[in-house]
Amino acid sequence: MIEYAELVVLIGAPLYIAAMILYSYRLIRGPTIPDMVLAADSLSYDLAVFLMALALYHRTSFLIAPPIMLALWVYLLDVYVSKYLVTREVGV
Amino acid sequence: MNTRILVLILLVVSALSVSIAASLLLDIPVPRGLKELAVYYVSNTIRDTGSPEAVAAIVWDYRGLDTIYETLVLYLAIVGGLAIFRVTLKTITKTPIGLTLFSKTSTKIISLLIATISAAITFHGHLTPGGGFPGGSALAVAAMLIIPVFSMYALLEKGVTSTKLVALRGFALTAIGLVALLPVVRGLEIVTNQKFYPTQILGIPVGGSISLYNIFESIAVASGFIAIALYLSIPEEAYKTGESSA
Amino acid sequence: MLEELSYILIVVVLALNSLIAIYGIVYRRSLVKKLISLTILSDTVFIAVILAGFYFTHPLIPPVYEDLGGGNIDYMVKHASDPLPQALVLTGIVIGLATNALIAFGIIQSYRLTGTTDAKKIIEILSRSGVEE
Amino acid sequence: MILPIILLITASLLSLVFVYMAVTERDLLKAVVFSAGQSISYAILLQSMSTPDIVMTYVTVSVGLYSALILFVISKTERFEGGGREH
Amino acid sequence: MLKYLVVWLMVFTIYIVFTGSIAPLTLITGLIVSIVLSITTAKYLVEDEEKLKQPIRLLYLVYYFLKYITVIELRAHMDVVKRIITMDIKPGIVRVPVASVSRYARLLVMSSITNTPGTVVVDEKNDYFYVNWIYVSTTDPLKARESISLEFERFASRIFD
Amino acid sequence: MIEPVLFWIGSALFIIGGVFDLIAAIGLVRFPNFYVRLHAATIGAIYGAVLPLIGISLMALGLPELPGRYAIAGASFVTAILLLIVAPIGSHVLAYAAHKSKSVEWNPVVDHLAEDEAK
């Protein structure tokens, strides 16, 4: 059964990697800063899924915590960039 | 602008072509096995340290003394940074601006969840990946989310001041030192783990001193970074209007 | 074949990355840009240290046992990643953050004194006010 | 073994692009976002080398705390290399 | 008193689900963590304790979650996927009135609107949501409300108001 | 006997999520400005991330020989729930900041928010 899991992850991988490259293209090109932060958001949500699937691929339960961090900390980037754009001073 | 993209494409293409050529032409051996020192660490970690996690075992047991000194460096760097900014936070009063109401409501929930997850990472640091450093920095992020969303004054009103945080940090550092020094009273070496601290309490694996170190290190890292963030978020006007009391 | 390609490519890319970061530290005039380049350089060095303990096997698992019972030591020795570089890098990352925070405090303070973050202009201002370089 | 190899190749090329863009960008705010992208691609490298301890600390510090720190610095100094807070 | 219990239960459940084990170590540390966090944060999280005494609201929430993630989302996703292929867009920001009162009800309505592809809440002012809409079919606030947020609001007022 | 069913449902969700993620990425590249790209990013966050995470959780539950399968399932489920809370707030905050700072140029059909702010 676990070989099938590996196969499923391998079939899904090209989709996620292609999406990753397209998101990075938008992150590099993005004319404005909100565009770039949006692309970084989507990139890390995509990777949260894919890195979690890597735990199935390597058959271990110890690779599960990093994706949750990746998904959460990009929210921190969102909040800080938005606050800077709105008020110029982050702390007030 | 255009030359910049051109140079970028040149860089990527040359990196790719050099490595393709090297992998085709040269016979470079790639590593296919663990190094001998690592074999020792991986196979003996449970017997030597009582922790199934080899990284935590190295950080806090095999090379525990290094880590304690590095924690001291961390403490000094933060204290040095705070010494450059000499201002008392009490003198500044201003109405908080913050972000939108939605982000305020949801940041409350998200911070609670982050704190929960960071506690889970810290307390299982001797059994699963994680431990003091990731748990502590995650806890710091929970507080650093509050600063832009509610503004720093919200934290100050609740009594979270950087003086208290530096004091908390000092306490955590003292606790780490005590845990390291305590085996000396029974004539053992400094930073002794298994001969002094129990590996299991009532059948629950606690990993000797490793879990204690993890908890205190997490407190130290979190309070240090929150103190830095609080100092950095003092608005510039506080300096220009001369409200600072240097 | 692919394994060799990926290994060499990572080494080449890490070398290029550190060269670009050093260019940023040395030739860029903004102090903030120097700080960003410094973080990139330290990250690259951390990856290089981790790469020193990396090897090709499938599955590649973290060096963690399932329980205290000991488990299958042979399986772990064949498939676990190297714990020593990880332990060294782990403390390095956090200490790097603290020292970079110290540098950030310094940059802000020098901006308050001189009104610019441009390294050349700072030297000009200092030499005009009679302070030796 | 094929999946980690593909990830290593893609992520290392991405990191090269992000590092170059971050160092040569004049707008420091954009440089911060590029350096966050560089951190994300390094996180992929680390995760495919199976080092979860490092990934956790690295992602927290490098995507979250470094970005916040440098944004604090930019908000207190100037946004563009060579002066100026606005466009 | 009840609010502490509810926050405690939430934190404890998240802790257990995240670690995925019921070993004694997890249970003991989870108990400590959840008690500490519920004592320190419950007063900021819960506004009205009376509503917690009606568990029917929780059932509504679960039913809403299931219906939302399958039926409503699928319809909206297909719409936007079609627009990605055909590039048939007419973007704009429209006013949408909201009737929900409590903060959590509004947060739920807002999250539902934003999580549906095609609509994003930009701002909130004087009981109006300002919604960025990918295809503005009407500029009249009441008609826009019918096609954007009416269904969410019905559930939200049942769950949180 | 339930386990193969769970596993195959989970794999289907994982693959479908990948397809939606790719479509979202194409949308993010093709759409003309930030306010329209927000909608493509929402696809990437909900059907491109939350759905496949639930799928991975089901897959892990359906694999009895996987060590620590409950940990994988639980962590993916918690990540999915967190994304459901975090993703809309991220988009909303970014849209708010872009509109407040006027850093994005676009030609809307109608912009009630700008009209109300001009009053």
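When the chains are written out, they are named A, B, C, D, E and F in that same order, and each has its own residue count from 1.
Convention: a residue touches a chain if its C-beta (ideal position, glycine included) is under 8 Å from a C-beta of that chain, and two chains touch if they have at least 3 such contacts.
Computed from a predicted structure; not experimentally measured.
The minimal number of chain-to-chain contact steps leading from chain C to chain F is 2. By number of C-beta pairs in contact, A-B leads over the other of B-F and A-B. With centres taken as mean Cα positions, chain E sits 32 Å from chain B. A straight line joining the Cα centres of chain A and chain F is 10 Å long. Here the CA centre of chain A is 22 Å from the CA centre of chain E. Spacing of chain C relative to chain E, judged by their CA centroids, is 39 angstrom. Contact of a single residue of chain E with at least two other chains is seen at positions 14, 18-20, 110-111, 121, 123.
Those residues of chain F in touch with two or more other chains are numbered 26, 38, 45, 67-68, 71-72, 75, 78, 82, 85-87, 89, 91-93, 95-96.
Residue positions of chain C with contacts to 2 or more other chains are 3, 5, 9, 13, 16, 54, 56-57, 60-62, 64, 66, 86, 90, 93-94, 97, 101, 104, 108. Residues 9-10, 13, 17, 20-21, 24, 27-28, 33, 36-37, 40, 43-44, 47, 51, 54, 57-58, 60, 62-63, 65-66, 69-70, 73-74, 76-77, 80-81, 84, 88-91 of chain A are the ones touching chain D in the complex. Taken in their complex, chain B has these residues touching chain E: 100-102, 105-106, 108-109, 112-113, 115-117, 119-120, 123-124, 127, 202-206.
Across the complex, chain C meets chain A through its residues 59-62, 64. Per the touch definition, chain E reaches chain B in the complex via residues 7, 11, 14-15, 18-19, 23-26, 28-30, 33-34, 37, 41, 44-45, 103-104, 106-107, 110-111, 121, 123-124.
Those residues of chain D lying in contact with chain B across their complex are 13, 16-17, 20-21, 24, 52-53, 56-57, 60-61, 64-65, 68-69, 72-73, 76.
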